[in-house]
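Sharing a structure, written as structure tokens. Questions coming.
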């Protein structure tokens, strides 16, 4: 029933919307990066849309994206942008939902921040920055939220090994008598 | 129990246990242990800064009413004798109940209630 | 799978324990200590729910004299590390352990505190013994309250025998100090 | 003359008479920065607040979560769909069953088999979810009452929680980390005699709730510490994405079980309590009322539960029955492939959400057709509620942080994922 959201979106912002799709009952709209703030403010303030409730903001790293049973053209390749930032919004009045997705290339992982429009995205964007390294411009204070400042790298990227620890403190009187199998790579 | 003996016992016991703790207790200090405990994080800011005088007010007022409560303990213990006309029960007549003990404490608490009313009106207790 | 296998060098601890036999005074003080443990609950994760159940009326911790949690390391001698210790929590745990008065003991409550459990990743520490010496490990995720009471009794035996890590450390220093005096 | 003056000033340390204006301005006390650190009983052990206080009043606060970040996403990229159930247990470990149901629903939505889950399995899921929701509210209200000094209600509510833990242990085998739900149904059927024991326990819990309400509701100390503390308006709640009891306390009538009904919630009637002022007292009252509604749902479910299988017999996600596994080679291979490679979820992405103990708990999963999810993001209500904490604390006393944090019910595992 949110199909009308996508139709309204495409009519109002034809230029800003690259394409729309609907998967498993969720409406997805791909938005161009530079017109994201315009589309978002319209979605929030337009009485017919009234998306006043933010749900979540996260990022998908498409580095080794080779899904089974899908044409190879869909697989990820160097020329395609690596990151996709997703904002999920919900309207508490009309009860419809939409997910804005923005393609972000790896070399300049920048994005205008939506923390001004919905305060909930303040921390969620900090989390996305902490985990994926997407810099949100205009964010009040963009710093790591989960990890400690001394942490180097962005752990949720596909190329960061799961067990690569960067310990802050270890016991000094502990002598590692036995070799540790597969020390940090 | 003569008072002097009681005081001696009190000082003796306290002295004994502090002496035991000082001499027998293991003392191993390291720089980490001497730092103030701030829930596990590095202590920030210095306690030497100037902070509001309200803390001192609240502490003093607590002291006043705490000691008032402390004075009630000996009174409560001796309440029975205080309420009898001849406390040591020497006379032939059965002891009647006298209001001496109760009135005494009422006076004591009454004074402090006046103080409490004054402090309450001056808002020295709250934190506005 | 980078698994850090670390074993505290217990061999020298055993050597010092043998060398220093328990004097009568030690046995009496250890007897007093073991029945009046004040625990500092360093609670972080799901084991905290089971820690509540252990302290609650059904599996009462008070029966063993270890019920009264003290939320300041100055007044506690048993550090219960309850739940997952992450890298960011490491310095806080080490500082709380250092600020406790000797002799002190540590119980690793649950498999996350003992070995990191099934969180083998960049932020979960493989066991709190990477940071502080642990006396009793409790397996289980979360361990059943009976396991916790059993671990407490195990710790009491260890305290009575004077084989806690900090007890051995104090003993070792006394022996070194006395040895130095003999030569000096 | 000059040095005598300065000498006097030196000795007395007093200012010169001319310097004093008619009234001595009281110098503003310096602001003190204090750590309400990770290891603090009111902070549930996993949040650090750097407080800038003027005396007792909080002027500025920097809330730092992340002390229990256990990398749910990174771990779930290396585990099959069924192996992720234990991780979801430990997200909101106060109501673990609801996380299991949430994760199962997102996988079923991706495989689009949500409609043909057997009715009995759906009923069992609702029963265990509502039991878990009651334990969540019991723990939250009990613990925050204890943090305000009321130790009695804490022990009463923990006694009730023990009864529910025993029942959940009979159902799933574990007191806290159940791992009971599977994609396509539940792993085991309810044991015999379960509904008599559950009805008996529910009556007992209602008696205890009456007792605790008698103790707390009109208790002067409790009301003074809770009423008017940490209030939040309706618009703020919606804009900051607050959900669950906290949003309902502000008057936002949003409950996923009513607004986006899933499973068999349309078949049971229950009401959604909504507060007015949005302060800690309303959150407490909303949680108590929700416990009553959950008990009401449980009673209806126990009456309406049909018989039948508890697992869908779709070969893609259900294990073959044991007798076939040991007798026919095909079932053995299917059993082996199912366990080792995991359930083949077709490629796609979706966001499924349930009404958790603290509100809308959702999973945003991107599947790539293999047995392991490509990305599994958990939208956790505690993380969103914690982001409003510094704004709620502002202007209150340090002692008010404790009830605010108690009523936000920030669960470390879910907040730091």
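Each chain gets a letter, A, B, C and D, in the order it is written, and its residues are counted from 1.
Just so it is clear, a contact is a pair of C-beta atoms (placed from the backbone, for glycine too) under 8 Å apart; a residue touches a chain by one contact, two chains touch by 3 or more.
Computed from a predicted model, the values in this text were never measured in an experiment.
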The distance between the C-alpha centres of chain C and chain D, rounded to whole Å, is 30
Chain A-chain D separation of Cα centroids, rounded to whole Å
24
Separation of mean Cα positions, chain D and chain B [Å, integer]
43
Separation of the C-alpha centres, chain A versus chain B, in whole Å, is 60
Going by residue number, chain B touches two or more other chains at 39-42
Send over the residues of chain A in touch with two or more other chains.
146-148, 155, 162
I need the residues of chain D touching at least two other chains; which ones are they?
37-40, 66, 69, 71, 74-75
Draw the chains as points, connect those that touch, then say whether the picture is a line, ring, star, complete or other.
other
What are all the chain pairs that meet the touch criterion?
A-C, A-D, B-C, B-D, C-D
Which of the residues in chain B end up touching chain C in this complex?
26, 28, 30, 32-33, 35, 37, 39-42
Chain D residues within the chain A interface of the complex
64-66, 69, 71, 73-75, 77-78, 109-110, 112, 235-236, 238-241, 252, 254, 259-260, 344, 346-351, 360, 362, 364, 366-370, 374-375, 377, 379, 383-384, 386-388, 416-417
State the interface residues of chain A toward chain C in the complex, per the touch definition above.
146-148, 155, 160-171, 173-185
Residues of chain C defined as touching chain A within the complex
1-9, 87-88, 90-91, 94, 120-123, 125, 129-133
So in the complex, which bits of chain A are touching chain D?
23-26, 52-56, 58, 60-61, 65-70, 86, 88, 92, 95, 99, 118-120, 122-124, 127, 131, 144-148, 155-156, 162
